[in-house]
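What follows is a group of structures, each given as C-alpha cells.
In the two assemblies presented below, chain A is common to both, partnered first by chain B and then by chain C.
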Partner chain A sequence: MTIADGPALPKLIGERVKRREDPRLIQGQATYVDDIKLPGMLHLAFKRSDIAHGVIKSIDTSAAAEMEGVELVITGAELAEHLGPMPIGTPFPAPDHFSVATDKVRYVGEPVAVVVAEDRYLARDAADAIEVEYEELPAVVDPEVAMEPGSATLHEGFERNIAVESYWGGTGVNPETAQPEDDSAVDAAFEEADVLVTQRMLNQRLAPNAMEPRGVVAQYETGREYLTVWSATQNPHILRTLVAAMMGLGEHQVRAVAPEVGGGFGCKINIYGEEYVAAALSRLAGAPVKWIEDRTEAFLTTTHGRDLLGYIDLAAKSDGTITGLKARIIADIGAYEVLLTAMIPTLTGLMMNGVYRLPVVRHELTEVFTNKTPTDAYRGAGRPEGLYFLERAVDMLARELDMDPAEIRRKNFVPADEFPFATQSGLVYDSGNYEPCLDKALEVADWQGMLAERDAARAEGRIVGVGLSFYVEVCGLGPSAVVPTGGWEHSGVTVERGGKVTATTGASPHGQGNETTFAQMLADHFSIPLEDITILHGDTSVVKQGIGTFGSRSQAVGGAALISAAGKAGDKMKQFAAALMTDQEVSPEDLVFEDGRIQVEGAPEVSKTFAEVADFAYVPVPLPPGMEPGVSEESFFEPENNTYPFGCHISMVEIDRETGEPRLLKMVAVDDCGNVINPLIVDGQVHGGLAQGIGQAMFEEVVYDEDGQPVTASFMDYVMPRAADLPAFELDNTVTPTPVNPLGAKGVGEAGTIGSTPCVVNAAVDALAPFGVTHIEMPLRPERLWRLIQENGGQS
Partner chain B sequence: MEIKGEQEFNGGRELLYELLLDPDVLASALPGVERFEEVAPDRYESTMRVGIASVRGTYTGRVEVLEQSPPESYRLRIEGSGKPGGIRADAVVDLSESGGGTTMHYRADVKARGTIARLGGRLLGGVARLLIGQFFKSIEQQVDDRAA
Partner chain C sequence: MSEPVPITINVNGRKRSAMVEARLLLVHFLRESLNLTGTHVGCDTSQCGACTVLIDGHSAKSCTVFAVQADGAEVQTIEGLADGGELHPLQDGFWEEHGLQCGYCTPGMIMSAVNLLENNPAPSEAEIREGISGNLCRCTGYQHIVNAIQHAAERMAQS
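Take a look at the complex of A and B:
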C-alpha cells in the first residue's frame, strides 16, 4: 500500500486567490469573437436609419450590389421572407419587431438593409452606397408627451404609445383575484401624515459601453444542416434556443459559443437582430459570415439602460417613522420591446420597498414607446432605479425633519428577527441584518468625523456635503417561476484519469471570474490543487445545458449546481476508493478528501491517492458490483427563492464654487452578499459597480435632440468615469448567509451600481443644502451645479 | 440648431440681391462646389465637397428660393445629403441699407441627421461658420469687382 506524501493543501474558499483568467486576458492571448477567422468568411455591414421615425419609401441597392466583392445585398422586406419577428422573453404584449426594418423605421440606428461582402471595409462602403428614401414622421422623444392624446404613435395597436400599464396598492395585489386590494389605506396614510415628501426625479438613460462591443460569427454547414454561432453574449444557451427557433432548426442542430466576452453589464443578455441575420445570411450565402459592431453602432443599437421618470411621495410621522409610499413611474423603453425590456421596469416597483417596513404602498407603472434605442437590462436592471428613487426620498425626509440620515434609516429598518420578510410588493426577503451593516459603515467611514470635516470645510467657504444610502437588491435569479427561460443552472463535474478535474458551468462568465471561484470550490471539495482543475463554459457543445449570467446568479445558482454535481462525483470517487480498500473493510461513508488523498476520516494511513482512485474508475478491474465505470456527474440546481443582498454606502462630495465642478472625495461601501468565496473577486465586482454607479450620478447620460437624433454617440460626448475621477474606495463587508442555496452566497455584481448612485447625489444635495437646494437631477453636471449656486446669488 | 448672424457689404443692396441669386456667382462663391445647376426656375441642384474633419465627404443637395422680395429678402429651402448624413435647412435672408453699404441678416433653422447630427453643436456650428465665412469673402470680392 502506498501513502502519497503530498503537501498539506490550504483551504481556498474565502481566500484572495488571483484570477486565473487574467494573464491571458491582459496579454492578448485570449480569443474574442473578432479573433475568430474561418476560411471563406464573408463580412456583414448594416445600412442603418439616420432618421428617428419614418416610412421607408424606397431602397436602391443597385450601386452597392454592383461593387466588386459584394456577394449579397438584402433589404429588410426581403429578409423577412427568411426571418420572422424576433421573440421576446416577457409575457407582455409587444409589437412585431423584425431584425431589419421592413416598412417603417423607429429609431436612429435601426437597420434597413444588409450587405455581405468579401471584407469588412468593402461591406461598409457598399452599405454607404445604398440609397434609402423616407417619408419622415414626427419623432416621439418625451415619454410624457408621447402619452398625450394626439401624439404621433410608433406602433399600431399601442394607443398613446403605451406598452405596459400596471398598478398595485394598499396591501398589494390579492393573490386569489390578482386584483389590487382596497387601497384607501394609502390615501388615509397620506392624509394623516405629519410630514410629506414629494419629488419628481429622473433616472436618466445610460449606454452600457462594454469594453468589447457586440460581435457575431455564424457558420451554417449545408449538407450537415448544422449551425454554429459565436457571439459576444452573456447566455449562449438562450442564444441557441432562440436562434434555432428563428431559423426553423432544432436545438440539436445549433451550437452557440460565447468565447471570451469583454463585459456585458446586461446589454449582452438580449439576442439581437444581428445574430439572427448572421445565421440566416450564412445559410443564404453558403459561407461563414462575421459582423463586429463599431463603437458608434454600440451607442446607437446596443440596448440602453434605465430612463425612468419617478413621481415619488413619502408620508411620515414627525419622529421619522415612514407611514406610506406612493410611486408613479414612467419608463421610456425606446422603440421596441426586446428580450427583457418590459420586465426591467417592473423590478423597480418590486424592489422599492427597500430595507424598510412600509405599512402601505401604491405603485403605478407606465412603459412608453419613444423613437429611441430600445432599453433592456443594465447592471442592476430596475433595482438601481427603484433604490435611487427611494433612497433620495428618504434622504429628503431626513432633511425635512432635521434627522441624521443614518438614524432615520435605522428607525425604519426591517428588524433582524422579522426575516424571512414579506414586502408589500409580494417578495420574500430571504435573510437580512441591516443594523450591524449600517454600524460598520458608519465606523469604517468615521461618519461623525466626516460631519466635522464637512462643517470645518464649510467654515472655510468650501462647498462640501456627505451622503449615505442603504440598499437591498435581488440576486440569484431564479427560480423558474419568475425567469421565462427557466431559473435553474446546470453544471457537470468529471474526474479525469490521473485525478484531474474538468467542470462545466452554464453560467457563462464575461468578467465574473468563475474559472477561479469555481476552481477554488472544487479544490476544497476534493482537496486537490487548483492547477488540477479546469472550468469550461460558454460552448453549448461542451456545456450540455445552461441559462446564463445575469442578475448575479453565477455563484448563488451556478455555484450551487457545481457543488451539487461535485457532491455526486465525490460520492462515486469514494465508492471506487472503498472498492480499492476492500481488504481494510472501508465503507464509502467513512471516507473524506484530504490533501490529494481519499482517506478514512482521522486515519490518513488508510487511504488511496485521488489519482489512483481516478485511474481505477476508468480501468475498474474488477468492476465493483452495481457500479458503472467513470466519474462524470451533472446537476441542475433550482433555487427555492431569490437572494436579497444589501449594503450601506457613504460618500463625501465637494463642489467648486466658481466652476460648479463636483469632486468625489470619499467613497465607502460596506456590502453584505452572504458568504464570500473569493474576497478579491468580490472587491473587483464592487469596484466596477461603484465606478458605474458613480458614473450615473456624476457623468453619464444618453441625450437625444427634439428630432430623436442621438447627440451622445461617441466617447467625446458621452462621459465615462475615469480612474482620475474616483477616490480610493474603502470597502468592508458583513456576512448574512442566505438559506436558499447550500453555499450561503447571495451575489454582488450589481451592488456597487445600486448603493453608490443615490449616495453620491445625496452628498451633492447635502453640499448645496445651504443654498436652499433639496434635489439635483443626474448627472451632476458642473453647469447644473453652478446654476444652482448662482440661483441663490452664489451665497450659502 | 439655429445658425444666425450678420455681415456687412460695401455695395448697394440691389447689386447684392442680384449677386446672391445668380447661379454663376453662387457656383463660384460656395466652397467646394463641383456642380451647380438650375433645374427649374428658382430651383437648383448641386454637388459640394466638404473637407473638414468628420463631416468630410461629397454632398448632393437641392436649393429652392422662395418668397423673393427684391431687394429686401428671400427664403431658402436647402436639403443635402452625403455619407456622413444629411441636413435640411430653412433660411431667411434680409438685406438692409446701412450707410453706403448693405447689412445682411441671416437666420437658418438646421436639422441634421447621421454623423453630422451626432457631432451636434460641438462641430457643426464651427464648420458652418467656416463655410459661411468663405462664402461671404467670395461674395465680397465679387461685389468689389463689380463696383470697380
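Take a look at the complex of A and C:
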C-alpha cells in the first residue's frame, strides 16, 4: 500500500483561476488562421459588387488572367458548376443563394468573381483588374418601403420582399396546434387599460467586428480525396457537415479545424461562401488556398446583427400592473437568408415576456429582404432586441405613472414560487428569483444615492439621468427540438498512462477560456492537479463530435457533457482501483478521488495513486472479469430545456449641454447565471458584453445611404467603444442554479449585451426628461441629443 | 510593380536583410517574410492597433508603415518582449488580471502599453484608458486590461 506524498489539492471550481490559454497568446505564439502556411499555398481574392442591386451584364476577366502568377480566375456562373446554392439551418423558405453571384447582385460586397494567385498582393491586383458591367436596379433600403406594393423586389417568389411572416397572440400559442388562441382578450386588455404606452423603436443594425476578421485555408488532397479546412469559425463540426455536403463528400472525407479564433460574437457561426469557395478552388487548382478577409470586406460581407423595428404597445392599470403587450416587429434581414438569419428575429418575440407576468400578448413578426448585407446572430441574437423593446416600454410606463423604475418592475415580476414558469410565448423558464437580484443591484449601485446625485447635478445645471433595466435571456441552447443543428454537445475524457487526463469538447471556444474552466472541473472531479489535464478542441479529427460555441452554451451544455464523460471515466478508474485492492475487499462504490489517490472514503490508508491505477488500466494483468483495458469514455449531453439567466443593470449618463456629447458615468451589473466555475472568466464575459451593449446604446450603427451604399465600412466611420469611452464597471451577482444540467450553470456570454443597452438609453431619456423627451433612438449620437436639447430651447 | 528594394531591419535584436517590394507593409514583412505572426492585422485604416510594434522605441501601427520606411530601424515585436524565459511585467499583468480573451488584440495592446509605461511609469486609470485608446478590444470591455497595466506598472516600480 502506498500513500502518495504531496499537498492536499485545493478545490478549483468557483475559484478565480488564471487562464491556461494565456501564455501562448501573450507571447505571440498562438496560431490563428492567417498564421497557417502550407507548401505551395495559393491566395484568393474576391471581386465584389460595388452596387447594391443589379443584373450582371458581363464580366471581363482577361486582364486579370493574363497577369503573371495568377493561376485561375473564375466567375460566379462558372463556379456554380462546382458549387450549388448554399444550405441554411432554418426551416423557413429561402431563395437560392450562391457563394458567388451568378446573375444578379443584391448587396454591396457580394462576390462576383474569384482570383487564385501566388501572392496575396497579386491576387488583389488581379481582382481589381476584373471589369464588371451591371444593369443597375433600384435599391431597396427601407424595410417598410420594401413591403409596399410596387417596390422593387430582390427575389422571385418573395412578393413584397417578405421572407417570413408569423403571428401569435391572445392567451398564447396553443402548444398542441401551434396556432394562436383566441386573441380578443388582447383587444379587451387595451380597451380596459388605465394607461397605454405606444412607441416605435429601432434596434439598429450593428457590425459584430470580432477583432480577427474571417479567414480560411483549404487543402484538398487529390488521390486521397480528403479535404482539410482551417477556418475562423465558432463551430468546426457544423462547418464539416456543410462543406462536405457542398463538395459532394462524406463527413469522413473532411476535417475541419478552428485554430485559435480571434472572437466570434455570433458572426462566425454562419458557414460562408468564402469557405465553400476555398474548398472548391483548392480541389480545382490542385493546391492549398488561403483567403483572409480585410476589415472593409468584414463590414460588407460578414453578417450584421440586430436591425429590428418595433411597434410596441403596453397596457397597464394605474397602479403599474401591466395588463397586456402588443409587439409588431419588422426585421430587416438584408439580401439573403444565411445559416440562422430567419430564426434570430423569432427569438425576439419569444423573449419579450421578459421577467413579468403578462396576462395577454400579441406578437407579429415580418422579416424583410433589403439590398444590404445579410443578418445573422450577433451577441445575444434576438434577445437584446426583445428585451430592449420591453425594457424601454416598461420604463416609459414608469415615467407615465411617475413610478420608480425599480418598483414598477418589482410589481410585475414573476414571483419566485411560480418557477418553472410558462410564458405566453410557450417557453418554460427553468428557475428564477428576481427580487433579491433587484434588491442587490439597488444596494450595490446605491440607487437612492444616485437619485440624489442626479438631482444635485441638475440643480447645478448639468444634464444627468439614471437608468435601470431587468432582463431575462435564454442560454444553454438547447434541446435538439429547438436547435436546427442539434442541441446536444459531446465530450471525451481519456485517462492516460501516468494518471494524466486528456479531454475533448465540441464546444469550440474563441476566447471563452474553456481550456481553463473545463480543466478546473476535471481537476476537482478526479482530484488531480490542473497541470495534469489537457483540454483539446476545435479539430474534428481529434474531437469526434460537436455542435459549437454560441448561445452561451459552453458550460451549460458542453460542461455537462464533459462531466458526464468524466463520470464514466471515473467509474472505470474506480473499478480498476478496486481490482488492485482485492486483498482489502474494496468495492468500487466505496471509492473516492482524493488528492491524487483513489481511496476508500475516509480511509486514505486504503488507496492507490491515480497514476498507478491509470498505468494498471493499460497493462491490466490480470484483466478484471468483464472489463476492457484502458480508460477512454465519451458522452453526448442533451439538455432537457434551455436555461434562463437574468440580471439587473443600472447606469448613470451625463449629456453635455453645449455639444450633446453623452458620457457614461456609472455602470452596475448584477447578473445571475447560476453556479459559476470561474468568477474571473465570468467577470470578463460580463465586462465584454457590457461594452458591446453600451456600444449599441451609445456609438455603433451600420448606416446605408438611399442607394444601398454602406456609409460605415471602416473603423473610421463605424464607432467602436474604446477604453476611454467606458467607466469602470461595478459587478455583483446572485446565484440561482438551473435544474436542467448537473452543474447548475446557466451561461453568461450574452448577459452583458442584453441588460446594458436599454439601461443606458433609459438613463439618457431620464437625463432629457426635463426637456420633455420620452424616447431617444440609438445610438445616442451627440448631434441627436443636441437637437433634442435645442428643440426645447436648450432649457430644461 | 516596382523593382525590389534592399532593406535591413533590426528585429528583436537580430539583423534581418531582405529584398522587398516597395509597397510591402511592415506588418506583412514581419508576418510573411520573418514568420513573426504574433503581430496581427485587424483593420486596414490604422484604427484598431492589433499590429502595434515598437519602432526605435516608439509604438507604431505596422500596417501603416512600409517595410522600406523601417530600413535601418530597430523594431520590437511581441515575440521579442519576454527576457529569455521570463515574461515582461506587462505580459505577466495581462495573464494575472485576465486582460485578454480571444487574444487577437493582445500583442498590439501590450506593445502600446509598453510605450505608455515608458512615457508614464505611474499612470492613473484615466491616463491608461486614454493611452490605449488607439487599440480596439472587442472581448474585454477594457477593464481587465486597465487592471493588467496597473499591475505591471506597480511591479515595474518595485523592481
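The working rule: the second predicted complex is superposed on the first by the 796 of 796 C-alpha atoms of A that agree within 3 Å, B and C clash if a C-alpha of one lies under 4 Å from a C-alpha of the other, contacts with A are read in each partner's own complex, and residues count from 1 in each chain.
The rule is simple: a contact is a pair of C-beta atoms (placed from the backbone, for glycine too) under 8 Å apart; a residue touches a chain by one contact, two chains touch by 3 or more.
If you're wondering where the values come from, they're calculated on a predicted model, not measured in any experiment.
By the touch criterion defined above, A:T296 reaches both chain B and chain C. In the superposition on chain A, contact of A:A723 is made with chain C only, not with chain B.
In the superposed model, A:A697 lies in contact with neither chain B nor chain C. Of the two partner chains, chain C is the only one touched by A:D35; chain B is not. Look at A:A377: by the touch rule set out above, it reaches neither chain B nor chain C.
In the superposed model, A:D22 makes contact with chain C only, not with chain B.
After overlaying the two complexes on the shared chain, residue contacts for A:V631 are found with neither chain B nor chain C. Counting the residues of chain A that each partner touches, chain B and chain C differ, and the larger count belongs to C. In the superposition on chain A, A:Q512 contacts chain C only, with no contact to chain B. By the touch criterion stated above, A:S714 is placed in contact with chain B and with chain C alike.
Counting contacts by the rule stated earlier, residues 296, 714, 716 of chain A appear in both its interface with chain B and its interface with chain C. For chain B in complex with chain A, the residues that touch the partner chain are 83, 85-86, 111-115, 117-118, 120, 122. Interface residues of chain A, counted against chain B in their complex, comprise 50-51, 108, 128, 296, 705, 707, 709-714, 716-717. Chain A meets chain C in the complex at residues 18-19, 21-23, 25-32, 34-35, 37, 120-121, 209-213, 260-263, 265, 294-296, 510-513, 680-681, 683-684, 687-692, 714-716, 720-724, 726, 728-729, 752. By the touch criterion stated above, chain C contacts chain A in their complex at residues 21, 23-24, 28, 31-32, 35-45, 47-48, 50, 77-79, 81-82, 87, 91, 94-96, 98, 100-107, 110, 125-126, 128-130, 132-133, 135-146.
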